[in-house]
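See structure below.
Labels A, B and C are assigned to the chains in the order they are written; within every chain, residues are numbered from 1.
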Amino acid sequence: MVSECPHIIVFMTDFGLNDTYVGQMKGVILSISPLAQIIDLTHSISPQNVVQGAFILQKSVLYFPAKSIIVSIVDPGVGSLRKAIAVETDRHTFLAPDNGVLTGIFQTQIIKRCISITEKRYMLAVQSATFHGRDVFSPIAGHLLAGVSIQDLGNEMDPSDCIKIQLPKCSTSDNGQTWNGSIIYTDHFGNLVTSLDTERFDASNHWQLQVGICKPIPIVTTYADVGNLQPLAYTGSSGMIEIAIRNGNASSTLDVGEGDPVRISIIAK
Amino acid sequence: MVSECPHIIVFMTDFGLNDTYVGQMKGVILSISPLAQIIDLTHSISPQNVVQGAFILQKSVLYFPAKSIIVSIVDPGVGSLRKAIAVETDRHTFLAPDNGVLTGIFQTQIIKRCISITEKRYMLAVQSATFHGRDVFSPIAGHLLAGVSIQDLGNEMDPSDCIKIQLPKCSTSDNGQTWNGSIIYTDHFGNLVTSLDTERFDASNHWQLQVGICKPIPIVTTYADVGNLQPLAYTGSSGMIEIAIRNGNASSTLDVGEGDPVRISIIAK
Amino acid sequence: MVSECPHIIVFMTDFGLNDTYVGQMKGVILSISPLAQIIDLTHSISPQNVVQGAFILQKSVLYFPAKSIIVSIVDPGVGSLRKAIAVETDRHTFLAPDNGVLTGIFQTQIIKRCISITEKRYMLAVQSATFHGRDVFSPIAGHLLAGVSIQDLGNEMDPSDCIKIQLPKCSTSDNGQTWNGSIIYTDHFGNLVTSLDTERFDASNHWQLQVGICKPIPIVTTYADVGNLQPLAYTGSSGMIEIAIRNGNASSTLDVGEGDPVRISIIAK
């Protein structure tokens, strides 16, 4: 991680990949800032699932270059009076609706400046009621990249006035003997990513996981630690406990899904 | 929209996102023109649906930088004798099969030059019968970006000789009391985008929409104007009337789809 | 194909398009090498299907610019002791797990150097057990682009010590009267791509194809050679025989799929 890359824009949205929404946003940005380099983190946040978006953003953001402009649009309130905000931190600049999707960022990065975006001259002249990703956030991102200062986008606001949401929990009520969380999302392989954060547990114990009506699932190091088509839980690439079936699909096999509770407990010796 | 960006190529195709078609096209372009910046408008046009492609292209094109090269491939006639054309307008340069996919462009942009592409030296040496996107259009786009003149691609032709198709209609037979159109496509959220163009109606009236066997659906401003899980119609981000279910999926709920007729009428006071 | 493009990275993986895996990899690369131009060949290799990946890579690689860095990750053994390798050929540099996914490359390109990747300083400091695409291969690719020599990545190894796999066959047991192969994958249009390589057959004969319990399918030049909704076989854009239904979907109609055997034979005159 050696260089600053002030020409990079990262998108995270729930717009999907099949429509023209993302392509139009890129067109708007490149019309203003032709040298922008745009990365798609994902456009497959579950529609309007702000909690999932906030979780995924927090887990992914450390992999993006310093000074990136990160545009996070999961926006069930588009067209209402919700604010649009620009947040400059010690590492990145974020553009998002003020609905809590930046909650994890407020918790983990140092906030340097927070702006309520109001300046019409940096938005498209004609604005739809439903697509501020194209009409507001993309032109703002393009203008930031082209040299506009974040202060020029609107009025400074106190970060504590921005909306925060409850992120998926990883909690214990018995001094760490058991931990409770939930399933956040299902990945392409059918693996179930949970909110249980490996850093919180005492790794010197042996743990098992309980989800749905399944038998307890062992928490192991890697796929090879269980037999073929057997369930396992392990620390996934985001540092969270994930549930998988070796050479299989946990999502379709275990009959559990997003939002379902999970719990881990120490295996008695 | 401040700069000209002669290094930008925009793709619209029906090739989908799962195969290697799009990746191979990008490889061909970058082999010829290494600094090309490529935007995917969409690769999810319904297979071989030229009408849908023409409609979506027209609605999206204004968001792309001036001087972009826009490659639009929905090409059921690939391998037949249909022409490949290059069309320079006051805003962009288009490459497409001559099958009507540029109909909306011919109607809305000023045509400066129209070429029937024939010059083999700007195509790949070996050509498949089925993938001119890679073997013809991509190398042509790369060479245009690298400085080849559009006139060098083949013989000039009269734009009126290019094939035009009937775009989805938005018509009235009673002086604007009712308007008839159809559903063009379904987006990622299950919203149904119609051919009914808001600019044509008298917005001082109250309107309702009829589709399938559903009860009339009110045309409102935004989602919040109806109750949870209720249907609504509104002006979408493309300027067309869209049908949605608040916090739901209109496509799966209403049992209507692409091509189905829609009609709006004034609500009696 | 006129220029060398040492800033281009090509990805082929089985990570899918819906998760954050690919976006995180791009973030890591651009953090190290901000001017990288990244092409997605495909992220839709069937999960853990190394044979399919090897086949598709070999068929696509000639369309990428000389000097591209091609990262091919289909990696069922991630987290085990399998090696990670860097292979420099006369045309490209490949990064991949040592599991046979480069088999077709070893067969068709001239190998100049082969390295077992071991140098931790070019990987991310914290490595997950399951996502070496982000933690190992992406930073290695970024550092190669930034000027690190392939020799500095680890120890040179003999290419003959790299793992090779059996690629899908195209074989005859009767001097070319019949050829046997299999279905490799199904594309976006429902066309079935086989391992039967057109270059091997005597094109002066008339051929037919047998698959599943279908009636023999004629091998023709293009879609228009058969009636509407009729099956056909033809040379696809990768040079292999493909099976399609004119204006239809062969995959869903013919009830055959990946791995199923196919055979072609000469039609008696």
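In this section, contacts are C-beta pairs under 8 Å (C-beta built on N, C-alpha and C of every residue); 3 or more make two chains touch, one makes a residue touch a chain.
Note that the coordinates shown come from a computational prediction; the quantities given were computed from them, not determined experimentally.
For the pair chain A and chain C, chains touching both partners: B. The angle needed to superpose chain A on chain B by their Cα atoms is 120 degrees, rounded to the nearest 5. Each chain gets one centre point, the mean of its Cα atoms, and the points for chain B and chain C are 31 Å apart.
Residues of chain B in contact with at least two other chains: 17.
Residue ranges on chain B touching chain C, taken from their complex, read 15-24, 26-28, 30-32, 34, 47-48, 76, 79-80, 128-131, 134-135, 146.
Within the complex formed with chain B, the residues of chain C that make contact are 1-3, 5, 7-8, 10, 12, 17, 37, 39-42, 44, 56, 59-60, 63-66, 68, 187-189, 221-224, 234-237, 239, 247.
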